[in-house]
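Both complexes below contain chain A, partnered by chain B and then by chain C.
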Partner chain A sequence: MSSDQVATGVINLSEGDSSLANEIKELGGEELMECIQCAKCAAACPMVLAGFPFFNKRIIQAIFLGLRDALLDDSSIWACQSCNRCTEVCPREVNPFEIIQAMRRVAIREFALPTLSIEGLKSLYDTGHAVYLAGAGNTRAKVGLPEKPPSTVANPEALKELQAVIRKTALADLGIIPMDESGVKETCEV
Partner chain B sequence: MPRIGVYICHCGENIAGAVNVEEVRKYAEKLPGVVLARNYLFMCSDPGQELIKQDIKNGLIDRVVVAACTPRTHEPIFRKAVEDGGLNKYLLEMANIRDQDSWPHWQDKERATAKAKKLVASAVAKAAFLEPLEDRFVEVTRASLVVGGGVAGMFAALDLANMGYKVYLVEKSPSVGGNMAKLDKTFPTNDCSACILTPIMVQVGTHPNIELLTYSEVESVEGSVGNFKVKVRKKQTYIDWDKCTGCGDCVNACPAKVPNEFNEGMDNRKAIYIEFPQAVPKRAVVDIEHCLNCAKRIIGTQPRTHSKTGEPILAPCEKACKTGACDRSRAYNPEGEIVELNVGTIIVAAGYKVMDKAPFKEYSPQSPNVITAMQLERILSATGPTEGQLKRPSDGEKPKTIAFISCVGSRDKRYHTYCSKVCCMYMLKEARLIKEKYPHIDIYIFFIDVRTGGKDFEEYYNYCRDLGIKMLRGRVGAVDELPGDRLRVRAYDVDLGAPVELEADLVVLATAIEPAPDLEELGRKLGITCGSEGFMKELHTKLYPVETSVKGIYIAGCTQGPKDIPESVSQARAASSAAAVPLTLGKVIVEPLISEVNQRKCTGCGTCVQLCPYSAISLVEDKGRLRSKIDEALCAGCGVCAAACPSGVITLHGFTNAQIHAQIKALAC
Partner chain C sequence: MKVGFFVGCNTAFNRPDLEQAVRYAFPALGIELDNLEGQSCCPSWGTMPSVDVVGWCAVGARNHTIAEEKGLDIVTVCGSCYGSLAESKYKMDTHPEIKAQVNEILKDIGREYKGTSNVRLAFYYLYHELGPDKIKEAVKHKLDGLTVALQPGCHTLWPSKVYYDKEEDPFHPKVLKEMCEALGATVGHYTRLIDCCGMGAMRSTDMEKSLKLVEKKLISMKNEVNPDLIVTGCSSCLIQFDTAQELLRSGKKINFEIPVLHIMQVLALCLGADPERVTGLAKTDVRRVVNRILEGL
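This part shows the complex of A and B:
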């Protein structure tokens, strides 16, 4: 069921996946059931203004009804900017941002993630930065900064530690990105 | 010449917001007979009343006109002030410039002010003719009648009985218990309904001060507070209840099958039946309409004799009865028996009825798997048709998916505009009971608003949601029958902003709470009006919630409107304490605003006798001629007789011809 169908078609609740709510609770959305759909989070959400079909309140309702495919087919959950205003204003301490995060974890388990995310993850593994541009060193030099920022890129030991940590996460099991122990790279290959 | 004082109330902004009070005061000052006119922010307050008292004490005035709000609630207050000032309290006249003027004419200040002047002028004109009157006292019969043996009626009866007063408890069913006896568990604590109710039923059945009249209905009510004369019809049971022990042998023997009201028609009872196993009193009743008259045993006839044995041929029920309670030879009167009761006060707790599913064609009421919540209640109950096993009616299978639909007939202009108040909670309760027992059953509740206002109710709602009961905002538009006894529920999920559909095995309709059948008729017998929704009206929503417009008659429970059990019990106990006041005092004040016949001039035409709605007037012989006589205890002061008397010899005190004429004349000029 795609987002278009949600907008136009009839949702068959009988096909809902009732295990989704529990999965979300296990993956960090512990307070899911506290949500009473008051929509205060939606009133504060930039995704609503940007016109995404699934924003915090609707994501939660879709989870209640087990609309797993509808959420996975749509890119909305990746559009959350993590501004966390929803979490701040929620009167029920639902923590809607955490629920979106948990939904992203569900999506990743099912490889339903955007290509951009894969690139970001690979860059994170290779350099310690989700975004690290190849020409960044020159630009930095021009303004009198060292070519590499004082982060993992400039610190092979720290990057090794980071990579070791990432290899211990679920990401390694999923095999979304290659995780060789190649050492520090200047930039991400992508 | 009477010296009249006029007191005009601002009622805060209530009156002064629409009426130019100062203008009215100046106008009143110049009316004939008026010696002073004052205005004040709140006349009913202590300083307001003090104005009246001081003016009387200072000898300035001897008649009082108060232009303020409704006399219904405030006349007694101002009468007391007049009396405290040292005048007879009936030398007061009120002009209702709030309900009759400032409220309806809020948008037109000029005309509201003009109308206030007229109303004040007419009150002043009448005041000039006021006469002092003396209160009368009537002895109170120290007994009470409670109509309705549900949880509210039983608590009202028990409280009065425990105070030491005799109580007659009239219930139309064979047993007390009411709707609560049908419930499985009760929110918000999920007590087993039978476990908490049956001990109360037993107390009612055994209390020495309570006379239980079940299978009985109120036939007529006469009299007034302190002395009501009530006729109760004990319906014919066709069983000698003095001999019946409730053993149930006759029930087992009876071959007739009749839809069982107690199980909401989901199974059958016999034509001779005991209402339910825990009934109080536990006695059998013959449903004569459905009795098959086995062995041609028509009530009141002698049995035929067996051609060979010579033994009488009896019906199975008669044969089974060991005590002789079931004797079909007895010539029972089908009309039953009229019992006359004298009581001082009456409490009406006539309960409610749950709306049937039939009118809701869009929800496939013809499907056996579309049931009302009350029917589900019986399915869940251990004493119900499935002995508490969750089975759907069509095939006895356990449903896998259940959809609840709220507000069926409530908040619906085609049926009932009000919120039935208990449905949200009873749906949650039933869903919870099912979910706790069978966690794998999918439950959806389609609602408009979840209304769980009440002590511990919101917590209950949260708990239910945490169990995984799915809540969808959006009224269900259709329930369609699908092959294989499945039902398709179609709605629009407001929270998702999308149409949804669901295949369910069982659909439960939370149908509306309706007034009890014949409540309006009972109201007519008692002189109590029912509101537009059919529930009985209290005297005042906030201040007199258990009183009615008839003194000495009180209401409790769903007679007044939809209520849950805690509220019904609270109101019942409030009603019993209000009903005990006249019984405790032993006498009640009767206003002297009643009619009197000048017997010397009466021609004995009898017109008044026919018209009196309270049967207070009769023709008595006086010196060889019939003349009408009014029974002071029965007269309610309605004035019909005074208006109708062709000779003009009936005076309604407080509303004499001179007073009324003066009042009309002032309005007309």
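This part shows the complex of A and C:
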């Protein structure tokens, strides 16, 4: 969106990117065109309550209008809680949550993703956990648990398996995080 | 009876006292827990699900196959794990082409997703498999005289189509309420009962907006219920309610503190667990309410 448009609130339809809707449909948002903009999803959305400029109904509207940059320049799509109230109430089975996820998938293909997502993906690949706290061993011991949970962090073979799976997914093709064989450690203490 | 315990990330690393509560309560109720050795992250929403559908399902499917090989259902206390695993299962079970692509990936590590294990939230599992009456008979301590406010959690309810355990009406949930009432608590209703707590992606993206949601909820609870305790159905809600109150107090948004526990922590206490092990990491001061539970009134 140009600064003039932001200032006036007027959307120039001829500047819209008509390929965006097709991309969304290919990346999991198959039901996009079923949306009738009734806004039932918006009435149920925590992002509306919290005051984000884009939320389910407006994200879908922006996709219809091809406003790719407006969506990529704003952090709203990354604030979606994946709570799925919208999926529950949608009278057209549009699955608005999946469309927001599809918009994230579009953003990732343009490397427009937040640092936290990159870190989460890297941590997932390196340890098997998107959330991983290095000092957790002490906390666990304090309540009488082994320092490592019985997951990939305590099981190097399982971690290798997971990494082999991830290397076969779109994440590897996109090159968002390094995943060289040589960089893989036997045990991961990130 | 035996189930696979999917511990996830936040419970294992942030609130292992909740993990310990599950490890105490299930055997105390006669249900053996399997560790699902080698499990990984579910994966959470901001990672693989935000990259592509097949990759999301493939990482989820690897977890599912660990339970399938043992012929066990999966239980978890984390809303995100519950939601992500149930949704990857739903996608693979209803879309043969997704399942086929996932199994093509899993072939290399000698695994195959079949779809034979269900994903269950710990307290729904206990409610449906044992029922509130059996749980009531098993407990040593009760919540008599305590007033609680509930935080069921978004992922425990929606989208109902992907879940094995369903509420009659997910916008008027009653399972968590009936569990607390069976333990002897008075459950107060408040207007913002089913609102989101703001934890998760919203908190990572915009702390201020996230805190606004939990502030609205806390004020609604305080004014309408004035609870002795907040009981959550989700580990993420537990972390948000437990850590946000101090931030809101220092920002002069609230002037009170309400202790917060997950339903599995409450249940473990009632079954006789060591309070340090199952509630020892709470940031809100839970000692007084824990003592009331353990000593009766």
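FYI, the second predicted complex is superposed on the first by the 173 of 190 C-alpha atoms of A that agree within 3 Å, B and C clash if a C-alpha of one lies under 4 Å from a C-alpha of the other, contacts with A are read in each partner's own complex, and residues count from 1 in each chain.
Heads up, the rule we're going with is that a residue touches a chain if its C-beta (ideal position, glycine included) is under 8 Å from a C-beta of that chain, and two chains touch if they have at least 3 such contacts.
Please read these numbers as outputs of a predicted model, since none were measured by experiment.
Aligning the shared chain A places chain B and chain C next to each other free of steric conflict. By the touch criterion defined above, A:P46 lies against chain C but remains apart from chain B after alignment on the C-alpha atoms of chain A.
When the two structures are aligned on the shared chain, A:L13 is found in touch with chain B, with no touch to chain C. In the superposition on chain A, contact of A:Y132 is made with chain C only, not with chain B. In the superposition on chain A, A:G120 makes contact with chain C only, while chain B stays out of contact range. Legend: residue contacts after superposition of the two complexes on their common chain; A:K57 is shown touching chain B, with no touch to chain C. Once the two complexes are overlaid on the shared chain, A:G28 sits against chain C while remaining clear of chain B. Once the two structures are overlaid, the count of chain A residues touched is higher for C than for its counterpart among chain B and chain C. Put simply, if you stand at the Cα centre of chain A and look at the Cα centres of chain B and chain C, the angle between them is 100 degrees to the nearest 10. Of all Cα pairs linking chain B with chain C in the superposition, the shortest spans 21 Å. Within chain A, no residue touches chain B in one complex and chain C in the other. In the complex of the two chains, the chain A residues touching chain B come out as 6-7, 9-14, 18, 21, 33-34, 36-37, 39, 57-58, 61-62, 64-65, 67.
The part of chain B that touches chain A in the complex is made up of residues 401, 442, 444, 450, 462, 465-466, 468, 470-473, 490, 493, 495-503.
Note for the complex: chain C touches chain A at residues 7, 9-10, 12-14, 16-17, 19-20, 23, 35-41, 43-55, 58-59, 62, 80, 83, 105-106, 108-109, 111, 154-155, 157-161, 170-171, 195-196, 198, 200-202, 204-206, 209-210, 212-213, 216, 274, 276-278, 280-281. For chain A in complex with chain C, the touching residues are 27-28, 46-47, 49-52, 75, 78-85, 87-88, 97, 101, 104-105, 108, 113-114, 116-117, 120-121, 124, 128-133, 136, 139-140, 142-145, 149-152, 155, 157-159, 161-162, 164-166, 168-171, 174, 176.
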